[in-house]
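Here the chain labels run A, B, C and D in written order, and each chain numbers its own residues starting at 1.
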Amino acid sequence: MDFLTTYIVLAEIYVLLGLSTNLLVGIVGIFSVSQAAVFGVGAYLTAFLLMHTALPFPVAVLLAAALCVGLNILVTLPSLRVSGDYFVVTSFGIQLLATAVFTNWTGGTGGANGLPGVPAPMILGHEFLEPTEFIALTTIGMGLGCLCFWLMMRAPFGALLRAIREDELAVAALGKSVLGAKVSAAALAGAFAGSAGGLYATFLSFVDPSSFDLDASIFLLTMVVVGGARTLAGSVLGPFVLLALPQILALIDIPTSIAAAARQLIYGLLLIVFMLFRPQGLLGEKL
Amino acid sequence: MSAYLQVSGLNKRFGGLQALRDCSFTVGQGRITCLVGPNGAGKTTIFNAITGFLVPDTGHVEFQGRSLDGQSPQQIVRHGIARTFQNLRLFADLTARDNVLAGMQDHVGEGPLGAIFRPFHTARALAGKRDAAMAVLAHVGLEDRADALVRNLSYGEQKLLCIARILATGAELLLLDEPTSGLSGAALTEVMALLRRLQSEGKTLLVVEHNTRVVQQIADDVLFLHHGHLLAHGSPAEIIADPKLAEIYFGGTL
Amino acid sequence: MLRISTIALALGLALPASAQTIRLGAVLPLTGPAAVIGMQEQRGIQFAVDEVNAKGGVAGHKIEVLFEDNQAKPDQSVLLFNKLVDLQKVPAVFTGYSGPSLAMAPLAGRKKTLLVNGGAQADALDKASPYLINTIPVLAGELDVLATYLVADAGKKTAAILFENNAAGIAGRDDFLGSFEKAGGKVLAQEPVPFGDTNYRPALLKLAATSPDVVFVVITTGTPQLADQVRQIDAKFTVVGSTFFSDPELIANPNAEGFTHTQVLINAPEGMAAAFKTKYGTEFDFFPKQYYNAATVVMICVEKLLKDGKPVTGENLLAALKEIKTFKGLTTTVFNTNTAATQINMNRINGKQDNLLKVIPPK
Amino acid sequence: MLWLNLLLNGLVWGCALGMVAVSFSLIFATTRFFHVAHAAVYGLGGYVAWSALKHGLPEWAALLVGIVACGAVGALIQKLLYERLDRSGATHLVILIASLGLSAVIQNSLAAVYTSNVLQYGLPWGNRTTVIGGALLTNTQMLTVGFGILSYLGAMWFAHRTVLGKRMRAVASNPFLAEITRLQPRQVHIAVMAIGSALVCIPGVLVPLDLGLQPFGGVPILLTATIAVIAGGVGSISGAFVLALVIAVLQNLSLLVMPGEWSIGITFGIFVIFMLFRPRGLFTG
């Protein structure tokens, strides 16, 4: 049943991204609309390392995740100087800048043609080609991600992040480094997004800019908000629900000529309904 | 050897407003010193200057012989100085215990690496810190409200929690910004009793206070601030008796 | 007109009334900016299938095509491809756009499902997978014809390139650059335009400043707007293009006077174009015709398998295609490799007519 | 003289962008809601005018119908969606997500009703060109410049001369104070959404008149316009219009030195760096 396993694999990859977005937007309160760009860098870098170097798969993904840690810190630093609404536009800017680089840097990312032929993960001599095998990798990846998120939220680090979200000044007055906490959170979010990118590229064996554009960032944000902001449960539920949605909507037989546009329309309506009547999402806390 | 807390020649201008004008004073160790003066005299500005939230144009702050100039709020808390805010700034969506925990220093697992790679050590240390937080809450009489959300505490209880939170930092010099404002009756006496008890336990308090009766009952020294300048200092009796100061403060005798 | 229906009638087979319907799949971009082409491709397939079903289907079996919307994204394409192959057990899947096609190509090979691309021309598609067949010549073949014609027949020396910044556009630029310089011409400048953006004026101004003999344009949509803007800047160069220029809306535009372009020979009989317009309200232009032809090719393979009594699977379809090799759909399509070679014409638009200049038979 | 043509082309595009920026600035400065669906209202205006034209109305009447329709839609959006969200204490993120949803609803409705094809207004006079100082300008381009300047002056007159305009700026400068005085910010928000949405219909019709009508055409234009608004200093109408012109000219002139695909990337790159050093914008209103 490759269809079901493919759905689960993609959902699990998006859970890693959901954790990353929830950490930044939900918990620390940095409203970032450029997580898909970091996800993209993770995917392209892993693909590049696997195609042009002899690095084994685990090392390539870790390297990509490490670079995304640095990149995500850079991307979220402006939020320290620029407040709420202004940071939204800066974040839009960063995302569009990344898309321009993905689309035009034909040397590195294959440009608009994308990067075909990304090798499948090879661990201990076993090639994870079929979705039924690949699901093991993404389940472990998601598991590790959720474990880190859960441990972090239970520890003083999570309490510190929640306090920062409520009143940064008070936290500083209690002798805690707000900058240090935000940078650490951005680093963690970067690691999640980078590793998700690595898994995504090797699963699809093809990456192109369309998976990492502004729509993708907005989709990530929506997943977190509908699934439930600021909670682990919300980060896990969101991707599974929103990836299943188009398939569920496909069951309603709408005339094929307008079926697709109608589905996107219903998708938009759902967003509005959730924001009006249940802004905390299915399993989350108030944003 | 200079005084416990030595503030000398502080100046700070915000555009047209000269918030602090050559302001100097000292605070003795183990004493309760009240900072008095009409609204806008610069009392909170002094707190911001001492705790590193505000860089004065000129002037120095020394604590136990060590200069605090240019240090970050985090470093100053490490030296043992902590402050509360006039508008409380408690974490409304967290419980009383979590607010106190937020004030505690040297948590294990306050960074992501510790939280993730040493989970058991973190959990054990956190349990210890939780008990310590309970002790602090008990100290201010809030032990039975430990798990209540701050938004569900009474105003009096929130005032006590503010003090508990900075006690948790382990600071020895407490800068309290109007700890009794808005309180009356039992709640007021309870806070005043707490302040005296803290002094008896070796804490030094610098308190911004409007209520002259409170000043008379708890203050060892009084600093009278006007237009960002120290106009007078002395015992509560001297300051309150001085007609000129009363004129400035109330626009009429007591 | 179609050979299939005549054969079915000729055999007069008394087939069971409810002969099992044969289901095919299609993964196309039906929403988002790419929908403008995806919808036309969908209409082309549906129009061909409806026509065949109206005449009793293929050897008595009705054909049904299940459309899925991938928004031109690779992850959606892989998910929907697996859905169509696993759940609906389709033996063949139509695809459009180079990105998604390249994403699905390895899967098609592994699952032995025929992946039929009727519109994307990126060169990488030619060898992406044994199960990926392209019923439209890859751009390189077409542009080779264009370049040699321009230099040899029309005596043009210098050119500039205006290309859409996506897979098809970049492939077009690279192929034309290679062919034109191989034929002895010189490319002076090239300018990209973001996909979906019909504001060509700045790029045209920049290219016009290098005063080339011709400007080669490879864009998939917005050709009428391009024609208007070329006239507005009073450009002196001749505009040349690929088969995307055989769009009735462009040909009818007075500003397209003198546009020269290759045309992958695919013209529809009068009645069909009108029937398509009444049914869908849009022109039966390049993409619907290409996908009508692609659907016809697949249905001819299905018909052969049914007649030979073989099960309609991806593997058999591919074998049938290789066996039949030459298909007489809307155009003669010859499969020496995975990519069809078709007859390519050189046309020039004069007086709102697309006049033939030269015919180049498939190699 | 390629640079002159590019400059002129940049100024024309700057006027269209300026109208979107000014209309967005009016709304964003007053309500502080990040009204992303402004791009969809821009698209709606173009299609309403197109339908009015196809039903035989003369050009000016079709534009008027579009303007009125957009104004009504803007007021409805504020009344039924943003106001209800605001009253239930929604944060800016929640309102932004709702606005994104609304944008998807409107744009996909347009795609379903009008198909995703590039539609033409089919007005031949639009393409006729006249020579000005050695450069060619089409009637549509001249109209765009005319309407652009008119809209800018109109917005300035409205904001500074009319009573509603003054109330709007009061609400913008101090939302809390406005709440407790008799400014009735709720009514001002509805009015400003109506006016902003009506104004955005003009570029919504003029740009497709030149470049063809597409359901998803509004998003890139709005993002560039928000940069002009933010970089120009929120609340400053002059800032928004001037920055729109500057960005458009820079984008066009950048073709002189680099290939076109980088012009959008460069615009956002400069903006991100700019925001790091001048977070409050140039002409802080």
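Odds and ends about this structure:
In the analysis below, contacts are C-beta pairs under 8 Å (C-beta built on N, C-alpha and C of every residue); 3 or more make two chains touch, one makes a residue touch a chain.
Computed from a prediction, not measured in an experiment: that's the story for all the values here.
Of all chains in the assembly, those touching chain B and also chain D are A. With centres computed from Cα atoms alone, the innermost chain of the structure is A. For the pair chain A and chain B, the distance between C-alpha centroids works out to 43 Å. Chain D has its Cα centroid 37 Å from the Cα centroid of chain C.
Work out the mean CA point of chain B and of chain C, and you get 76 Å between them. Averaged Cα coordinates give chain A a centre that lies 31 Å from the centre of chain D. Each of residues 103-104, 261, 264 in chain A touches at least two other chains. Shared contact sites, meaning residues of chain D that touch two or more other chains, fall at 108, 111, 116, 261, 264. Taken as a graph of touching chains, this assembly fits none of the simple shapes: it is neither a line, a ring, a star nor a complete graph. Each chain pair that touches appears in this list: A-B, A-C, A-D, C-D. Residue ranges on chain B touching chain A, taken from their complex, read 51, 53, 73-74, 76-78, 82-83, 85, 89-94, 98, 101-103, 105, 107-112, 114-116, 119, 122-123, 126, 129, 165-166, 169. Residues 148, 151-152, 154-160, 162-163, 166-167, 169-177, 180, 184-185, 187-188 of chain A touch chain B in their complex. Against chain D, the residues of chain A that register as touching in their complex are 25, 31, 78, 81-86, 88-90, 92-94, 96-97, 100-101, 103-104, 214, 218, 221-222, 225, 258, 261-262, 264-265, 267-272, 274-276, 279, 287.
Chain C contributes residues 31-33, 35-36, 39-40, 165, 190-194, 196-199, 201-203, 205-206, 208-209, 221-222, 224-225, 228, 231-234, 255, 281-282 to its touches with chain D in the complex. On the side of chain D, the complex with chain A involves touching residues 28, 32, 34, 81, 84-85, 88, 90-98, 100-105, 108-109, 111-112, 116, 219, 223, 226-227, 230, 234, 261-262, 264-265, 268-269, 271-272, 275-276, 279-280.
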